[in-house]
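Labels run A, B, C and D following the written order; every chain starts at residue 1.
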């Protein structure tokens, strides 16, 4: 049910992260090991912060494993901060406007999971999106609606609070319609400076999420790995499923938690949705 | 700004109507003569009534002129009633879910034109769609929203009244937001028995629309044309722009009119939008 | 490494064979059980004999499991004889001209397998294709070149002999270049009347191939299955991998064999390549 | 019949050249003024020299005017040397492997025009391609075969001589088959340092080709144009059809000529095909 990867650290060529490692995200598009679905062939996307004022986004409906243009782009673009996503569609069409990451101004947003029985509460959710943001919704997915809800609830000012409010609102709407576990998933979002990662599900059995331990320690453990000498100490990867072949390189993010990757000021904290006052 | 063609009459191979004639709809996808845009290369679609319980719909984002699968399909499928459409996108993405014709149950729907400043009133329009129909909206276009408004207003029971109510509602919403001429366009819709065609614009300068004169008279005028001997007397074509090379074969549909092609009971009547009571 | 299905018998809707059964070919595009690759998401195709003079062919580069147009087509087209194929690309591009089945006049051709080290002997093979056929080669695949070799060696007159000569030629060219096992695979081909299926590999470990036992016996065994009462006694399916849920319905085709499905005159015989005289 | 643009000079964002100017190449994809066809909607490509060892190539079968990924790429990639192409297919399929520019090692190659009756001489031409290069031919186009012929005749060592030999060979093969005017077109090719442009046709009525006069003079004439102050004196554009709105900015390249854009050592010289010795 989708896999994503988020990187924040030293500037690298995208291909060094997305193609080179063992069990890379591109490999996972064809054969994921941990995913609810093993094939993520219903499109992909990568959003990166580069030299232009707003982040670039490249999305396609083709399976990532065979997309020649993605390969070319990743070999020619380097970035200090990017989010990539491979998709297994559930319910919505395979079209570019349904591919992650989504973008609004400086912000990128990707998600692995779902809003349960989305069709039955989509109207309620869409109505809560700020009127000025409404026309920007271009696709059909639960993820994009969640993004615009988070923006409505203040993502650009207080990301953690906004995501908590958005998921809280989804849960309230869902439960009002008798849905037991309205939300499931992991989220990556960024403003080009920091990277936020969330792991939460109403059921308490969330999709997997991992992040790298600090590079200095990894460098001690694997002194022969050149890539570890190239990247800065504060470089960090967050992924749905580990990539590469370095045992001990990954921590699993706990249930109901949220992490901020902030170039030296990383933080991991508990996360809980914030129920809307008027609906509870 | 799109071209469409609707056929009701004797069963024919789709290719005999869509490919064979001079200035066919497929030719118009590349070089339209009358259209606001001369190239309609942003996707196409054809919906046909065949042997299955519901109409078939084939839609693609490729330019119609070069689509090999469309060519194959049209050579192998025959139908007594079908609607085809070539698209010039204005504002919305080139994706399959934005291609006409749209389908709901037995109904097909295609449109050439636009709702002016759609982004600014889309929310108002979408909110008026019946809650049970809301989850079926899959794309971004004004045309699809208009279709679901017409369904909300009773398309399946009284098509002319429902389209009048839908356009009336669009005009009321638009004018409330200061839009001078909210609606422009021609519409084709069918339930598999009859075919309805509408020509109307708030400005009174509507997109062109033509229909064929009766086949018996054409046969007298062009006795050497074999195709005219193959089709029944009550066969009729309605098109955005004339196809073929038979002078005298086409009538222009008047401004603000509506036609029903009903296999022998054809009717042409004036058309006016029906303003909503609560909004006027 | 691709999966294919060939049907010859009573006229049926394509969807009844391609979508309805358990573990259908469309399911196998996402999760094949027996294939060398488990995902066949690099395009698909279906060729069918219908009412038009030549067979129809619908091919697409999208994964079959999510292709809405394929679904529509299969629900609206019925045929007594068709070949469908889902593809896992190995080495060649994901493009429509590389999708099976290939067509020449009345003939269709699909293949599961490969010519080993094709790049190194492609030139030799292409040079042996009849000059009049050469311009028809449109894609990059080994399968298409093998088809044109078989046509060059007389496919239209003596299919079994022509396929034996084509594979024999491939083996001779390959071995001259030091390739140990030049050919691997199963082939389906038809002229619209009969259906030929081949299972052969230079190594003697061929891709799997199965065919249905006679319908009369199946009907006795599964009297409650309605589909078995609908199809004629001489209906037969040949598949890379069994579909449906009827134990005892399938025979495995032996190594190095060839079958003709000829509506009542079915035949299974040994198959061996025919080495070219000038090259041995 | 295609339009191309080649740029050599100061490093610029691709979008500043491909999107910003009036009548830009992307505009020409929808409405070309000079072309034999007015719509170039059958795919596009851009090849650029950047920071990676080999040039990047991004090619797509969608019309360029609506391709969101091309837009993103061009806003985020800058380059001192690039070739872009929009395509109107004649005879060959709309597929990525038929899109220009073609790439071999450091070399890029694009073409506007055609080899007349290509199908009838394709085999002769393909046979003349060096055996080691043969497996690299991936598409169906005359342009790609011409590129591999030029490589066979020494493009990497003496580009002007190699192109003269390749076109000479095409003319000899064509005339042997009774083709009056075997070659038509303009060609752009580069090794990442220099840019070569050719204008030639067997008939002496070649497709149009233009290049910019020197920047210093343009700066005097249009002192208020900021872009002219940003680019270096030795920057030059070569285009099928002028872009922008600066009268006096363009020279038409003469019939049967060849130009080298070499960052300060530009040269314009007569061009004539070189007939093969063995065929004349």
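Keep this in mind: contacts are C-beta pairs under 8 Å (C-beta built on N, C-alpha and C of every residue); 3 or more make two chains touch, one makes a residue touch a chain.
The model shown is predicted, which means the values in this text are computed figures rather than measured ones.
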*Determine whether chain A and chain B, two copies of the same sequence, contact each other through the same residue numbers or different ones, counting it as same when over half of the numbers at the interface appear on both sides.*
same
*Selected pair, greater C-beta contact count between A-D and A-C*: A-D
*What whole-number Å value describes the gap between the mean CA coordinates of chain A and chain D?*
40
*For chain C, residues contacting two or more additional chains*: 68, 93, 96
_Interface residues, chain D side, partner chain A - complex_ = 13, 48, 50-52, 56-60, 68-69, 72-73, 75-78, 96
*In the complex, chain B residues that touch chain A*: 93, 95-97, 119-120, 122-123, 126-127, 131, 134-135, 138, 140
_Please output the residues of chain D touching chain B within their complex, sorted ascending._
30-31, 38-39, 41-42, 61-63, 66, 68, 89, 93-94
